[in-house]
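Chain naming follows the written order as A, B and C, and within any one chain the residues start at number 1.
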């Protein structure tokens, strides 16, 4: 059976267990109609010109988990940021794991979307925010919306500064066969509130898994959101990450994406600016090899004056890997004094690696400063020579330079423990011995 | 009293197309509409050999199977292809020995355009192959050129006189299957220029052609083929102005350049067709396919100054097939009022050590939309390929838009690609600085725009640079940023 | 030549100049000194016609013309020159091209023909020599990538080319090392004569060692609070601006 057909019948089965009269269900069925009509994107869609889902969609995925599987903390501890006190929302094969989680309702809500969708006390927030910015005319987002069931729910009330970072971790065990996971996260940060969030998708062994995740983040007036995505999964794991961020005036949102492993990764990162004096930052490091494929698709929509956006993506590609960067900056007529900066630098290590990049500026306001830069090249030979003249062997020198090339993106990481962790992940990936334990 | 922004804008809006006039010359026109018979008739009227007729027919058949493209960032009313006349030639088809024999009406037109053939001849030493509507009416300096073995004539003439050359290269760089408008052009092209530079010859003068769209309701389907044989050099200029006309006019030209080993072709265009009036009515649709192929160690350089046309859709490209070949693209595109331009280039790196440079300057004013669309493609075999691209946009006023869509595809790890793009406006501080030195705002803008465009203007041959600079000023007068 | 009467001016709705009175006669050099934020640069901008500044009261007369009614370029045509504190970059426009355009614009405004190319070239060479500017410099883009010293020297070069009646030097000494300062001052001194006047705006007395002023005015909170001879500048250097502040209070 084609995956699409399977999804259609699964949706009908799914509906049977739900309250069909709820507002949320209305949204689900509308979204499903969209998906049913449009299906999965193909390479004919401009937005998917360089990334094909065709092969992935041939797998026969399980849509709903069959059973609850428990895992021992000691087996997965290394995937946590354990040297730091954090809240944790952990899922195993799409099902919440209370044992591994550490949630709270004390002054802020760090809990489950399923709870938020069903309990009356969250009704107002759900009504105000749920599915408000996720694109209605995007097939994959619509598909996720139609199967909305579980995910993280985070609510930071006015002026609250979350003392601890929040970790959202999705484990997949591979014990139930090939799987399609569709987590749905809702994050609301109210006026002057602040939060740091780390998201990770992790398989526990190599098997065919496809995650189609949707996250909506609302950053209200003068709030700060610091979001980190760690993508370092097994070679058969694929993810399509759809993140939508709405920002009100004076807010500041930073998203860092570290794509170091997995089969196919597609990050759709969308920023909508809805007030003045907004700062939006997107940074990414991609280091892949084999036949891995990473596609960053960013959009920043500047619709109010005096806002800034800053994008910096670095990529290092070896073997037959493929890197795609598509960054779109849209500046409305009214958005004067916009400052939009975009930089995409890539290094191709091997002959067979491919990079396709398409930065895109669409500008309708005249008093703006927008720039994008893109480079594809190799390591700086003079720097290489410099290191070698100091006695560092070629291989190490290359690794060091590669490491340095990627590493400066880490400067803006606000959580020192995370920074160290990523640092050593990168070092390991590149094969640099940093000489000290990070 | 201060010359306000409003006043400037008003003046700009009322600035009518300078070259908007119409020459009354009797024409020989095929009735409107397009079908296989029309294609055959065009071929017959031109006395073409069978292979040419067959080629046209295949192109036409292919075209009928195609769909008009809509991926570009422009909006326009699709032309009705059954409402266009596909052939018109001035009645007096006799070739002239001297300019005195040419229809005085025509001479008058050229004088208005400031391209008097006499002057051109005497002052600049440029050989001019004038295309008036579709048929060549005057060619000068043929003799000087023929002494060197250079062929410079109309393509219809070339089809008859040099069938082997034409047959060998026509459609090799832009096959008729390439795209919708290339197919249409291949089926119905009426005339154009042909140029062949023999081995080792350096063309002693700039070759230039002036195109005009003149006949009401006449589509212009030019076909240009330039072949630079091994180790030769040619600089080719193409300049266009068109009379003011209310209904939209379609122009779908095809230009093919072939640079054989060690050859160099420099192709420069100044395009100033009627852009439509300030309400966006009328104007030329300029849907052009221009492409060159570079063999070993050869170089093709495109330079364009695009100020006219209501809708432009144009990507002069280079296929860098030979090792060590070089492709260059220098472009200034100015849009004002309701003009829309979607232009750029494709640099396809196939050979080793191939290099390409792209410098694109877009200037948008009024309610216009200006897009750069480019592709840099490094194929796996293209070791040590280099590309540098720079796309700068200048916005004047708050009703226009500037867009950049640079596609970059690299499939070789020795590639080095750099791409930069910026969007900015003319700073008030820059204008005040000029004002303080006694330069009025209008002149200041001209100065700043010229400075912005300089890297491209510098690439134009002298004769063109002055005209281009003037065009920039005319196109932008008064649009204060 | 220049008469400023009870001049009040605002920028972004904030009053910066609060009643300036000043008269400058041909041949005179006036120095305007004052602490940061006292309104020195505002005065320069208002005289030269920057539209961000609005005159709310008072008048500026230049050779009997009411400057407030004229655009910046018209003031320039009358002979008002401002050496900018922060000269603007204009990419792609060479120094030579720019100055040619400026000179011919002024000539056109005063009903004169363009300066013949040969004369222009001669004049450029002459003035460039005066300011120790080489020909390479002249073909660079205006102020683009210039060092601080080069920018200021370029300003004085333009002044020499345009031969204004009134030159306003806005913090011309800032960012200059001593050698550059000497070159600039030397250039200014060579241009001094009975017909033209200078308004030298500076924070420090240093420049006035080389360009000796006839009068020194101290600007404080938008008003000239003290005027005197060159000695006043020395005193300011010695004691700073505090004693003046005390004196006013």
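Going forward, a contact is a pair of C-beta atoms (placed from the backbone, for glycine too) under 8 Å apart; a residue touches a chain by one contact, two chains touch by 3 or more.
Just so you know, these numbers come straight off a predicted model, no measurement behind them.
Interchain contacts link the chains end to end along an open line, per the touch definition above. By count of C-beta pairs in contact, A-B exceeds the other of the chain pairs A-B and B-C. Remark: the per-chain Cα centre closest to the mean position of all protein Cα atoms belongs to B. Between chain A and chain C, the centres computed from C-alpha atoms are 56 Å apart.
Centre-to-centre spacing of chain A and chain B amounts to 45 Å, using the average Cα coordinate of each chain. We define each chain's centre as the mean of its Cα atoms; on that basis chain B and chain C are separated by 48 Å. Of all residues in chain A, none touches two or more other chains. Chain C meets chain B in the complex at residues 48-52, 69, 71-73, 75-77, 81-82, 84, 87-93, 97-99, 101-103, 105-106, 109, 141-142, 158, 162.
On chain A, the positions that touch chain B within their shared complex are 46, 50, 333, 336, 346, 348-378. Interface of chain B with chain A (complex): residues 71, 380, 393, 395-425, 481.
If you check the complex, the residues on chain B that touch chain C are 1-3, 427-430, 432-441, 443, 447-448, 450-455.
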